[in-house]
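A, B and C are the chain letters, set down in written order, and residue numbers restart from 1 in every chain.
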Amino acid sequence: MNTETILPLSLDHLSFQIDGKKLIDNLSHRFNAGPRTIILGPNGAGKSLLLRLCHGLLEPTAGSVDWHGDPARKQAMVFQRPVMLRRTVAANVDYALSLKGIDRRTCAERTSKVLERTGLAHLAHTPARVLSFGEQQKLALARAWALKPHVLFLDEPTASLDPAATHAIEDVIDAIHNSGTRIIMTTHDLAQAKRLADDVLFIHRGELLESATADSFFSRPVSPQARAFLEGQLLWQDAPET
Amino acid sequence: MIRILLLALTLFIPQASAAEENFITLASTTSTRDSGLFETILPLFSKSSGITVRVVAVGTGQAIKLAQNGDADVLLVHHRKSEEAFVEEGFGVKRYDVMYNDFVIVGPTRDPAATSQTQDVVSALSKIAAAKIPFLSRGDDSGTNKKERALWKAANIDTGKASGSWYRETGSGMGATLNTAAAMNGYTMTDRGTWLAFRNRGDLKILVEGDKRLLNPYAVMLVNPERHPHVKAAAGQTFIDWLVSPAGQAAIADFKINGEPLFKANAQ
Amino acid sequence: MNDFSDSFSAALILVARGDADLLEIVGLSLGVSITAVALATLIGMPLGAATALYKFPGRKTLSVILNALMGLPPVVVGLIVYLLLSRVGPFGVFGLLFTPSAMIIAQTILIVPIIAALSRQIVEDLWSEYREQLLSLGASPLRCMLTLIWDGRFSLLTAVLAGFGRASAEVGAVMIVGGNIDHVTRVMTTAIALEVSKGNLALALGLGIILITLSLAINAAAFMLKETSVRGRA
């Protein structure tokens, strides 16, 4: 990155509620540059909401999301279900770049480079919507990567994919991380978290219950909910605390 | 986007050039148009004067309204009372007699109301009412319709009460009403011009004609330029002058359908 | 039944000999309706898209009104436009009454609601799919609208064809504001009405067959356009 980084990202007493129900509750955390953070938690914990609040798709009802500098166009997000524009694979990447105001030639160069690196070059002129689900998700990643974001949010990107496609996606995420982008990803797949995480945030019912390195979280979880989750127990929203 | 705007503009351009094209707008009635008279005599006028006549043919009431609003230059209709009011109220300059034809009663060939036994139109209508055979009326306040209602009044028959039973008001022009009469095999009153040109007669034929009360005189008026300054008064007057001139009157008298002349020219 | 067979032969004869009056009427019909559709699309499509995308007070009311106006009776529109363009009306000074321009104006008013209401629905459905992704990529509101219209272009084309169908089929509006003047404002539908009133039913039906065939041809062309462009992108 030759522009000044927008990290650290500080969440300060972040809250989000709808109809009086608190979906994110008084959450504070600081994301520094460097590691791959996995946000872990059962379904309905508020992981997706948290990502959207960080990315700016939602406004918090209390608290704040503070970047270092202007985050516009320096962070990107990949969703659980890839949204493909009704045009070719290359045109999808091109579109994202054109929104950044990049000139035509650089657009074309970056597009072909990122399609090469994600193994989609041979599909450049195929309509994006005829791709398999796994290939579409790869394209979503390529599209985000081409923007050279400082931070990449990923919301359960492999939840709908088979193991082979999951593997391919994880490889791309790795490559993006190695190119200098800060990865912040949610998942409810324990095995995936173990494979990818450097840091772990454990969310339950909108609260940040634990924040630790991967090693420490997986071997010595502190909160009872985390322990139950790691043992494979299903943590329902309304389950009594053990 | 630009091409579409240009295309839209091109449709406005005919309007600009139309100002150079010499034309007047004539408000007239559907019965006159349906007879085919205009197609025959108007080209003759255009050739000699260089003025095109654009005919807007609607019901008599609508034609008069158009003329009152100044949306036409000349008015040609066939209801004397309305024409005189038009001039009196200052909408028209002067009323000129042009031509006349007549109305006829048409009905099913076997004539269930036995109307053809009389040439008295009022007693024919009384017979239709007595027998309660379907009678189709235009019901649209046109010149034809007003004449028809006057005849029922003369027969002392209240058509308002009978409306919907044997007396049926179509609320449409002569052609549409004739279509309906042919389909229902009923009686109706029509001007001879429309009838001679009409091609969907079904089983209908002329049953009553010749009564003096069936005469149908036409008059022409120039829309008053003092009321509507934009009216093409000079060209309009030229047209009127031609209509009442020997040339115009001859053209009208020469107009025939199947060898039968339709109108009698009667300008003074 | 005679009228039906007579009407087919009447239609064929007119077309085969390239009847000059027929060509003039067809040309004017297409010119008026296509221009009206183009103008209505320019006005209605952004209007519909904006109603789908932006939140403003009265938005839901506007949606309901647009849907309701799809059912505007052509004869009422004709009457209103007549009152506006009449010499005694507010726009009388332009002298547009009884010209093709008046017909274009009336038809445009008639079909703007159709294109707007259908566009709104199409864009709204597409927006619910694209919203988060486009916002994530940082697209401005205007850019979002353009992207949605482009990506939804085939569905939107159907909306435009619906508008064209309505315009080319109506008779009430163009009859009143055009006056059905021979060689000036006579189009297919008013010519058909005229022949009906003269009792020339076979000829009227023949003209109707020609009109329907024209509409089929236009829709077939639009379909081919879509097919080739879809294939061309593969």
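Basically, contacts are C-beta pairs under 8 Å (C-beta built on N, C-alpha and C of every residue); 3 or more make two chains touch, one makes a residue touch a chain.
A quick note: this is a predicted structure, and the numbers were derived from the prediction, not measured.
Peer 1: Taking each chain's centre as the mean of its Cα atoms, which chain lies farthest from chain C?
Peer 2: Taking each chain's C-alpha mean as its centre, the farthest from chain C is A.
Peer 1: What pair of chains is linked by the most C-beta contacts?
Peer 2: B-C
Peer 1: Just to be sure I understand: the centre of a chain is the mean of its C-alpha atoms, right? Then which chain's centre is nearest the mean of all of them?
Peer 2: C
Peer 1: If you average the CA atoms of chain B and of chain C, how many Å lie between those two points?
Peer 2: That gives a centre separation of 33 Å.
Peer 1: How big is the gap, in whole Å, between where the Cα atoms of chain A centre and where those of chain B centre?
Peer 2: 79
Peer 1: How many Å are there between the centre of chain A and the centre of chain C, using C-alpha atoms for each centre?
Peer 2: Each chain reduced to its C-alpha mean, chain A and chain C end up 47 Å apart.
Peer 1: Going by the contact rule set out above, which residues of chain A touch chain C in the complex?
Peer 2: Contacts found on chain A: 52, 55, 57, 72-73, 76-77, 79, 83, 85-88, 95-96, 99-100, 125-127, 147.
Peer 1: Tell me, which parts of chain B touch chain C in their complex?
Peer 2: 1, 4, 7-8, 11-12, 14-15, 18, 25, 30, 34, 39, 54-58, 69-71, 173-176, 178-179, 182, 197-201, 228, 230
Peer 1: What residues on chain C touch chain A, complex-wise?
Peer 2: It is residues 129-130, 132-133, 135-139, 143, 147, 151-152, 233-234 of chain C that touch chain A.
Peer 1: Can you list the residues on chain C that touch chain B in the complex?
Peer 2: Result: residues 31-32, 34-35, 38-39, 42, 86-89, 92, 95-101, 104, 179-182, 184, 196-201 of chain C touch chain B.
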